[in-house]
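Across the two complexes that follow, chain A remains constant while its partner is chain B and subsequently chain C.
Showing the complex of A and B:
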């Protein structure tokens, strides 16, 4: 044990590069499979890159921003962008409302009721997007689905054989319901944790001072929950903006004549169904930029809340 | 439904409720308040149970439909139970469609991703929280930005990259499980770093100094002391990497093109969807098989879930 004096010195010096030793595995993986593909994505989006170029039948041709020009001049792209924004916004609002309301409700429940609620939410949360989509699709199946049978049984004969995925917004609504179902638990659990972490004394003190429940919620709970709320909101926006599986499965790859396309599905179809890799990459770049903008808002929200990186 | 809950409520509540409640609410409130609040509380409980029923229903329906005999399913039987449960759908799925193979594939990929990505992320989190160096903030911002990268957009370059990697190392190329493992590692690591950062930072500097005084090298400290201390965080972030990998549909669909023996569960389920006639029994049985491992995982780690999220949220 006569080492300390000798050991700390070289330890310090070694410490100058030690962090790179810890960082290297993650950095290697990220550089190879995240950064490099990202660079490739941008590069490919600047080329005329189709099946002929992949197989080598035709040479690669640099076309600058032509892919982007094609997209921005295409009313179909704007339609898809609109779909994405409206659909994501509806999902985010729905998820936050349901999750927030249930988090507040959860604070007023008997422990066993709360446990039941959390367990079922956990079940919905744990359900993979593929199986969740399959079950919801089955529930809303035109002929064999439970929902239509119940509606007909109630006397709404018009729903016999009614297809929920035929009409554009009805299909989006169905997908959105599934999305909210499997994503509200995250919001609920996080907000519940946030609410219960508010010190009881603070609320109690306000109550002793004569503050009403509404006042407490507005002036004490809400400000204290703001950091958590910001995170939950941005996280939901990012998730819902990127939805792919649910749309792909529930609407059969983007709906009838592509009416239910969102950016991700559109880009995927352009690349792997139509072999327009350049165009698909350009859509990917645009999606990434939009999400980057949202991320910057996220960062600013964190900063404003005094979070230090 | 609600009537049944009203009846079962009082029978259960005194047993569990009475034991757990007093320390929480009743002790610091005047005796009159609980009585006045009771009706409202009842309402909240009933509402919550109704919500729970609605939320759980799709899962219940999935299990029920998987157990229904085929004739009942094809007749569109809507009774919320079945009198003659059968395992036919499961048998058909596992024996005829080789579901077991896909299940093993999915488990292999998810298991490898959890272990490898958590390890990489943990080491990176150590570097990013316990060392001060110039590029630290930049790296942290990049980690955050990396989480936002729409992975679907990267499918195109990744496809070509994996094709090239496959030329050199076939096991990591297209049509092999290795391709899914490395790709999912890359997508799990940023979030895992972000999440573990809070846990690693929460371990006081004094612990490290004490370990150093006792002669532990930096790596020994990280391995023997820090890692066990942040175990809850590791559990929480392993849930996320497990679930994103297990649930992945897009990459499995894109990168495993022709090697049917290397397909994973989501794709297997998708093959049951047929243009005119869906095999709902098979789809539901497959869905049950795919959901169960995730549920088990959730139940195991659920205790750490909230604390884990708390750590991530508080940063």
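Showing the complex of A and C:
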């Protein structure tokens, strides 16, 4: 806008619409697949919308934010939200630690060992969540599971018939371990790629200047890895906050008396099992808003540090 | 820039307020064609072949009697029935004309406008007079009939005769004695569950509540009020919570168990007693405990009484959107009639719903006697309201039992919370 008007006027007019033209295919797809469903989600959450309303047996009733008020006034919802935050945070930290440690390890391994490590990790990554959850349940079955049999075999008699899903945090721990198992490969592969893309010369120069390994890791490698770290962290937060399959399968839809319920399973239970689509949508909207907020805060924190994605 | 943005916001809000979520426009069809394809949905079973054989026979008979009519039977899985039926109600063109459904789902389906009122068709049908009245009631919502009871599942007490005689324990005559016997058996046989009956086994523990004079809810007019926190209900819950304890059925193992798991333990020889259905007889007969078991009606609080059982079963109904109403009703009456109920019993062991057919069955097969005695002693049912599907999906009653078993809540606290949640559902929240 500060540029000379005469030189830019024709170009500017064309440019004003041209970029929209180029963007339009992507925008159409986004609108159809993202904006419209989100719009419907918000819309449904403002209505008393149950099975009777869907099939037309009862009239629709616009109730504004009543669904949200019901949710926010329900201690059960806050319990579920608390569960979700703690569980997701633990999974994110666990995934990053395991993935990061193995990525560093991978840079120091002989090529064939590294290949084996990657293939195994990719196997875990490629396993569908449903299959992975079921297999883990078999492994940890109270009476027939391999884990309990091995534990009893090495002399820990207390594990005979021990149920891993009975206690709340034991159940969360088991599910969390499965979640980390199937999501660390992504972190590992991405970070490994990040580490190997750091130019040798930079590290070598630092070493010549007398920097210790710890110092190199802290002052050279970490800052250069930060964009990659940001991506895997945000990805992990989003994945783990939205966790559904593992909880649904491994704790039988939310555990004993709903002790292992997380937001997504709770939303499903309300919306589809209990046919309260309005209330379920409100849970979905709240989940989306929370995720947006977390991601924005994280991105801002990054930008304040001088990093741009 | 500011004004257009504000304008956009206003427009968006207006759009939001003016649009409404999709709603199907009524299901009721006025067409009544006498030829074409009649679509039927039945539930698929683990061992489906005998069922298919009987149904095929009915289809053949029906097609022979009605020229130009073909019957297309589809077997749908029980687990995903909710989605299937919802889709059918929302889009009548993909819906069947006749469907089998679980009787606890009916109130929700009727509320959704899914099934046709067939009260008049039934009053004109002579066989309908012989339906057991309590079972006929499970097809009714607000006094109108929405189907015929096709078969019913009754639960009774299975016990190991060898263990009872080995440890010299008397066969229990009251519910209290059932729990005592279970405790004694587990003391003598620490590897076995005294009574295998889980925290998620709603239809296993409701008889305890009913036997003590309690109930899930009371109804006045068309308002339901939770009664699970009444003194009588609490007495039943209290007694059942003694089952879910270390000395009968440890919560670690039993809290999560539903009906199937509870019976599986008995079938696998890991339990001295269980509450099982007539539909479990075959599995027990084929197991290693086949020679060492007996079945008696689950006793009530007084010697000689029988605890009221849950009248769970499946009905056949006609969809509201059918374009072949007369044919659909005819087929429903054929498959749900006396002849085919008896054939279904012979094929699948499903208990018939006609009192005279039941008597016939009791006479010819003594193993059905305890179940029919339970049925005759009087049965109970879940609240007939669409809210029950919500309460069921929110696992209100299993949660209540599991909290008590895990020591997270007292009987008073847990029943009071369950009552609140149920009342919320009843009031449409």
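A few remarks follow.
Methods note: the second predicted complex is superposed on the first by the 264 of 309 C-alpha atoms of A that agree within 3 Å, B and C clash if a C-alpha of one lies under 4 Å from a C-alpha of the other, contacts with A are read in each partner's own complex, and residues count from 1 in each chain.
Everything that follows uses one rule, which is that a residue touches a chain if its C-beta (ideal position, glycine included) is under 8 Å from a C-beta of that chain, and two chains touch if they have at least 3 such contacts.
A quick note: this is a predicted structure, and the numbers were derived from the prediction, not measured.
Of the two partner chains, chain B and chain C are each touched by A:44. Contacts of A:156 after superposition: neither chain B nor chain C is touched. In the superposition on chain A, A:165 contacts chain C only, with no contact to chain B.
In the superposition on chain A, A:19 makes contact with chain B only, not with chain C.
In the superposition on chain A, contact of A:97 is made with neither chain B nor chain C. Partner contacting the larger number of chain A residues, of chain B and chain C: B. When the two complexes are overlaid on their common chain A, residue A:89 makes contact with neither chain B nor chain C. Look at A:248: by the touch rule set out above, it reaches chain B but stays clear of chain C.
Contacts of A:123 after superposition on the shared chain: chain B is touched, whereas chain C is not. Counting contacts by the rule stated earlier, residues 40, 44, 272, 277 of chain A appear in both its interface with chain B and its interface with chain C. Within the complex formed with chain C, the chain A residues making contact are 40, 42-44, 46-58, 60, 62, 70, 142, 161-163, 165-166, 252-254, 256-258, 269-270, 272-277. The residues of chain B lying in touch with chain A in their complex are 12-13, 16-17, 20-21, 28, 40-41, 44-45, 47-49, 51-53, 55-56, 58-59, 61-62, 65, 73-74, 76, 78, 117, 119-121, 123-124, 126-128, 131, 133, 137, 139-141, 144-161, 182-183, 185-187, 189-190, 193, 212-213, 215, 217-218, 222, 243, 246-247, 249-250, 254, 265-266, 269-270, 273, 278, 280, 283-284, 286-288, 290-291, 294-295, 297-299, 302, 305-306, 309-310, 313, 315.
Residues 1, 3-4, 7-8, 11, 14-15, 18-23, 25-27, 29-30, 32-34, 36-38, 40-41, 44, 102, 105-106, 108-114, 116-117, 119-132, 134-136, 138-139, 141, 143-144, 146, 149-150, 153, 181, 189-190, 192-194, 197, 204, 227-228, 231, 238, 241-242, 244-245, 248-249, 264, 267-268, 271-272, 277, 280-281, 283-285, 287-288, 291-292, 294-295, 298-299, 302, 307, 309 of chain A are the ones that touch chain B when the two sit in their complex.
Touching chain A in their complex are the following residues of chain C: 16-17, 19-27, 82-83, 86, 89-90, 108, 111-114, 199, 251-253, 255-256, 386, 389-390, 393-395, 398-400, 402-403, 406, 408, 428-429.
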